[in-house]
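In what follows, subunit A forms one complex with subunit B and a second complex with subunit C.
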Partner chain A sequence: MTFGSIDRRKFIGTSALAGAAAATAVNPGRLRAAETVRIGFLAPLTGGVAAWGLPGLYGCEIWAEQKNAAGGVDIGGTSYNVEIVSYDNEYLPDKARTGAQKLINEDGVSFIEMLGGDTMPAVTPIANRAEMLVSTLLPSDLSPDTPFLVAPAEVHPIYNLTGVWWMAENMPEAKTAVICAQDDALGRPSVATYLAAFEAHGIEVKDTIFFDIATTDFAPVMTAMLAHKPDILCLDTAYAEFVNELCKQAFVQNYGGQIISCTADFYADIIANTSEEFMEGVIFQFPDFDDPALNSEGINFNDPNGFFQVYNERHPGQWGAVSWEYASILDLWLDGAQKAGSIEPAAVLDGMKQGGTGAHAFGEANWWGEELFGIDNALVGNWPVVQIQNGKAVIVEFKNIPEWWGEHSATMIKHFEAMGEMWYQRA
Partner chain B sequence: MGAVTYAVWLALIALSLAAAALALDPHLGGPHRRRWWQGLALASAAVLALSPHVVTFSQQELLVFLTINTLVVVSYRLLALTGEFSLGHVVMMGFGAYASALLSKQFAIPVPLSIILAAGLTGLVAFILAFPLFRMKGFYFLIGSFAAGETIRLLWKAFIGPKGISRIPGVPDIEIGAYEINFWEPVASYYLVLVIAAVSIWILWRIEHSHIGLTFHAVHWRDQLAGAVGVNTWRTRTQALVLASFFAGLAGALLAHYLTTVNPNRFAVHEMVFVLIWVIVGGTATIWGPIIGLVTLTAINEVLLRDIGYDELRPLFYGVLLVLAMLFLPNGLETLPARVVRRFRRARPLTSQG
Partner chain C sequence: MDFGVFLQTCLNATYASSYLALVAVGLVLIFGVMRVVNFAHGELYMAGAYCLFWVFYQNELPFFAGVAVAVLAVAVVGLLLERTMFRPMKDNPLGGLICSIGALLVLQAGAVALFGVRKKSFAGPYNEAVTLFGIDALTISGQRLVVIAFAVILLGALWIFLRRSRFGWALRAVAQDSEAAALQGISISRISMLAMILGAALAGVAGALTATIVPTGPYMGHPVIIGAFIVIIVGGLGSLEGAVLASVLYAFTHTFVTTLFDGTIADITGLVLMLIVLVVRPHGLLGKPERA
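So, the complex of A and B:
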């Protein structure tokens, strides 16, 4: 993407600097940052999993631009400009390893944001040796072997229980479910979570169908699901294009019940491929940030509505589950760095975990995870339940995950063990 | 990125093109042909030995993966010599990776031994697969190899898990007096895989130029005639598949112990597509063709396009380059030097007239 001979990132960076310079001219009291802190972004920007990488990079660039325009970030009495350095790992371990080496040894980053999953085992030894702070969106990457890895934004797949919980309270007539999932590191722990949540709320799971990530024809998958005549179709944590195809098939095969999914990325496209009536009431977990509920007290994401507006102006139609998440991790990193008064990774980690709590985007949360992941490096608190109403994603309620865990932790651990997903069961 | 890095990549491309030019034209170099080969070998050895010391840290990583992939594409070409294109070669690589990982991690077999055993096991699996697969030819073999590969890959998922295996032991360090070679470092690993790849390529080259290699060609171009004169075409194809799989398994095992992790998606069909592209763009007439394709496309994809900040658009450039290569160099990049020389020879009389 170019503007004349300037590429997009240079354009954004230049615009940010120009904005900062203009702001300094208007307000002489505000000085331009003297130093630069570099943040690595190591996620899939191309390929089948790019929908969970690229939109997040856009969000981080907006976050950095806003901070820089405001004069940079103040850490330990020094003002820093923030620079995002990205590397496309294509969701492949060898590319992730190369990218991690480049970001740490050549670009001198102070923190690396990752999607995680298949790419994490290749990066963990490098991060451990370099004592580099790394974040993941997938807490199932966490284990006692990953002391420098944190999951501060998304506690995938645990938050999926909130959708089932809300559904059980508000749709008591829905009593049976069928789950389908891609057979991979994202799909399996998510299935364990849904199985636990359905069991905890008295919903019978008629079948669980795994499909390979190379699947292109979803008609047989959907036919097998609908053969059970379920009240609830659970699409698990399917990749964006799979959710789209599965919804299309459910529509074509005249399904009329409830749908629940972890994500519904680019849901406007799904509605265009099916109908507004068909998608009405679909439950998932990722809000649009223009939602009025995000302006309530306790939300820690800075100006969510403004962020959403800028994002959609820059990247129309690109808003997805991860658009805000990587940016919200930057908020937590900044909070940790300011508490530590340093950008040194180990000090920032201590700062982030100070007091055992953190300012999660959806409210104050606890560092947690020992029972499931063997290490308390996941930040857990409230999570929104989102429903499509009149063609628009709407937050219907925030649910508190620790509250659910207090009552049903044994059920969750049972299903994680059955799926071989406990940290001590990993190969 | 520095000019030196680009110079290294350009040198690697130029050397492989020169080797292909010499291999394709038996008259090139005339009476000094042997000296040309010797000079090329010396220059290649110098560039390959020095390159990790002049490129960046991440480029050193890239050189390790490039060298492992060299083994994959050159072994793939051996099977292609019999006229059969497989879609399961990357899965064979994966089999070597999984086998070596399990042998070293679950059974505590020393890593060097597990690598060799894994390559042997991959050859054995290929031998077993040859019974159903070589009941088919051409397109049917292609689809059959895809189905067999997917079956193996899905078995890994079912029995080992979709996350694969992590915390695989690496190649053990070597201590020579006060000097310690740590294979965690990319430079040490690069030299290790370079030596293994060089020996493997030499073996593959010897096989191609032996009696067995000639029967591979015979089976490719005239399989019924070869059969009529006593060549066992099934056995010949099986030999090619087993040998190609052995070296693919070796490459996979090296990858597993360097990355310390393997997972089934790394060996899915989209990775096989990259191998096919490298081989097709480079050409299959000489052993250098696939190497030219691999080095050129890796340099463009992983060095040039990343360096100028076009991460997200790399698949598009890759596609365009493939289409252009197919349109203008249908026999592969390896024929480029010969075409340039021909054009130059045709143009020279005109220039002298002018």
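So, the complex of A and C:
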């Protein structure tokens, strides 16, 4: 490979690793790892969905750098340096397929992290053939045909029910809702989840509006939503810039009710585009990691406040929903590898699922999913409900998803079936 | 649909008509004079948006300074495209089109390299809601009103320029029959350059004015150019008045269908509208049939 073919990120990453290695060499207090384990990062780094890929890569690079600076990771008595090998799939299935082949056959990775969604069907046959352990942020990718696919960080979209649950308990006056979503693999299962959660908590859904992913002007979408005069605007799992534009339009069209959304990435920008008063009380699902609630017992993410600080120093303004998630999956992968004493993907998978539980970032969780996904490869436990208070995201409560599932599973399955999102309905 | 929603939808559609007309008229100018289907026109719109982002948001200069920079910078980009790509390819019917696709990719990659992949969503100086005529249902952001006002003023000025100035007459003459115009002593090269500068500047101003309304990103030109192509086909290739009329027709149809049904059905409706026009009136609403 010529120097000219190395992109800037790889060059900086390589330089950083080289710098870290050099620093380690002259620092007798640090150990040097003998081997290298490569982790593939196959997610959108450019294009419209990059906000759910690139910030995650930044988090993984910090995770790997911290592990390597501490002498690497000890697996089965061998010390490994961790190298993150990224491939930009642009959220395109063809690129994802090519990326998976490259990462497995050329780069020799031991594990691949993905966003999932529309790109997953292209990768699944390759991963199955190679028996490669792959993670997704979207459990709706799981099915009995994906035995090597795990969803260990987030149970999108199931955790969205926790926001509705909390809202029903704390805002009983909100009785009607309108949902809008982009019509894709992220939006549709999320709509099913919100429909189930609203039904379970006695909130009437007046309308569900799907919009095309190429939409740029959200004024008509918002006008259609507000025509129902809802108490709650549900923005589903809209992409980051969609949430921003929808909020801008709700603000301009004088909406004064409650807003609930899966994400509110870069919410400071949304506040700047609307007002602090308008965004006050907005509920979503992804905390800032400087939240004091993350220092409580049972949280399994190592030094969340410190991670948040380093992240923001390196990548100011880039913190979003996925910034910590891919890194937290690396924690679970490492835990599985250490239990297995191996970096072999199949052994790591067994290690991860040992005892049917795992140390999820938000507390001990169960491997779950048979009823909804046909396979128990999603790690489910607590999930935070986050609210914007005085311009800052604050965790207001952790809710336990299995507890809700015990009472309302039939409702959720009904809506997943109606939306054609059950594992046996997906092509 | 109650009356309030109807009024709000009309307002939304008026805004959509405005920026679409600015983009489509520029595209028609370039096609009319140069016979080049400029696929990079959406990226000129994108470039205008990034100029505003750079001047207004990053350097905190006045909003209209950003608009002025966008107009000038994108006009220069248009000039460069004309001189380096379209002019050398003027005798190759497919050459200009293929070059424009290349320019599209270069401009997108340039935007990624300069500004990153994350879309920029930033507030304009006239972000506050304005209620028109004291009717709550007629609420629109001041920023959208600025777009509507600019579209009316610029398109009006262009209309006067084309009909009252010598350059305008020359431009129309070349668009009607370039060989006859050349025989009258009109410089085709100069007029092509002028058409490209004007067309690019219109795309640039549309991008700059809407940069604080829609997310500014490297790929933001894609949906705009699709809408603009539908508009110029419906309006009639080469017809400026047709482009304006079709912009209004398309934007109102798309906006009302989005509000009543959803955006996907609205996209399909827009394409069906184009197909109907192609079948019933192949030369477009105000276009002239090709001479045999």
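Following the convention adopted for this analysis, the second predicted complex is superposed on the first by the 397 of 427 C-alpha atoms of A that agree within 3 Å, B and C clash if a C-alpha of one lies under 4 Å from a C-alpha of the other, contacts with A are read in each partner's own complex, and residues count from 1 in each chain.
Note that a residue touches a chain if its C-beta (ideal position, glycine included) is under 8 Å from a C-beta of that chain, and two chains touch if they have at least 3 such contacts.
Predicted model, so just to flag it, every value in this text is computed and none were measured.
Trainee: Label the relationship between subunit B and subunit C on subunit A in the superposed model as either fit or clash.
Mentor: Because the two structures are overlaid on the shared chain, the partners are seen to clash.
Trainee: Using the touch definition from the top, say if A:224 reaches subunit B (first), subunit C (second), both or neither.
Mentor: The second partner, subunit C, only.
Trainee: Could you look at A:125 and tell me whether it touches subunit B, subunit C, both or neither (first, second, both, neither)?
Mentor: A:125 contacts subunit B only, not subunit C.
Trainee: Of the partners subunit B and subunit C, which touch A:245 in the superposed model: first, second, both, neither?
Mentor: second
Trainee: According to the stated criteria, A:214 is in contact with first (subunit B), second (subunit C), both, or neither; which is it?
Mentor: both
Trainee: Applying the touch criterion given at the start, work out whether A:93 contacts subunit B, subunit C, both or neither, answering first, second, both or neither.
Mentor: It touches subunit B, and subunit C stays clear.
Trainee: Could you look at A:46 and tell me whether it touches subunit B, subunit C, both or neither (first, second, both, neither)?
Mentor: Both partners.
Trainee: Of the two partner chains, subunit B (first) and subunit C (second), which one does A:410 touch, if any: first, second, both, or neither?
Mentor: neither
Trainee: Based on the superposed arrangement, let me know which partner A:183 touches: subunit B (first), subunit C (second), both, or neither?
Mentor: In the superposition, A:183 touches subunit B and subunit C alike.
Trainee: Considering only the touch criterion stated at the top, classify A:54 as touching first (subunit B), second (subunit C), both, or neither.
Mentor: both
Trainee: Can you check which stretch of subunit B gets into subunit C in the overlay, out of 279-287, 297-305 or 333-341?
Mentor: 279-287
Trainee: Where on subunit A do the contacts with subunit B and the contacts with subunit C coincide?
Mentor: 45-47, 50, 54, 183, 212, 214
Trainee: Mind listing the subunit B positions that touch subunit A in their complex?
Mentor: Of all residues in subunit B, those touching subunit A are 56-58, 61-62, 65, 150, 154, 157, 160-167, 184, 186, 255, 259-263, 265-266, 268-270, 302, 306, 308-315.
Trainee: In their complex, what parts of subunit C are in touch with subunit A?
Mentor: Its residues touching subunit A are 1-2, 5, 8-9, 12-13, 15-16, 112, 117-119, 121-123, 127, 129, 136, 139-141, 144, 213-215, 217-220, 222-224, 226, 254-255, 258-260, 262-264, 266-267.
Trainee: Would you tell me which residues of subunit A are touching subunit B in their complex?
Mentor: By the definition above, subunit A touches subunit B via 1, 7, 9-10, 45-47, 50, 54, 86-88, 91-94, 97-99, 101-102, 105-106, 118, 121-122, 124-125, 145, 183-185, 187-188, 212-214, 420, 426-427.
Trainee: If we count contacts the way the header does, which residues on subunit A are in touch with subunit C in the complex?
Mentor: 45-48, 50-51, 54, 183, 209-212, 214-217, 219-221, 223-224, 227, 240-241, 244-245, 248, 251-254, 266, 269-270, 272-273, 318
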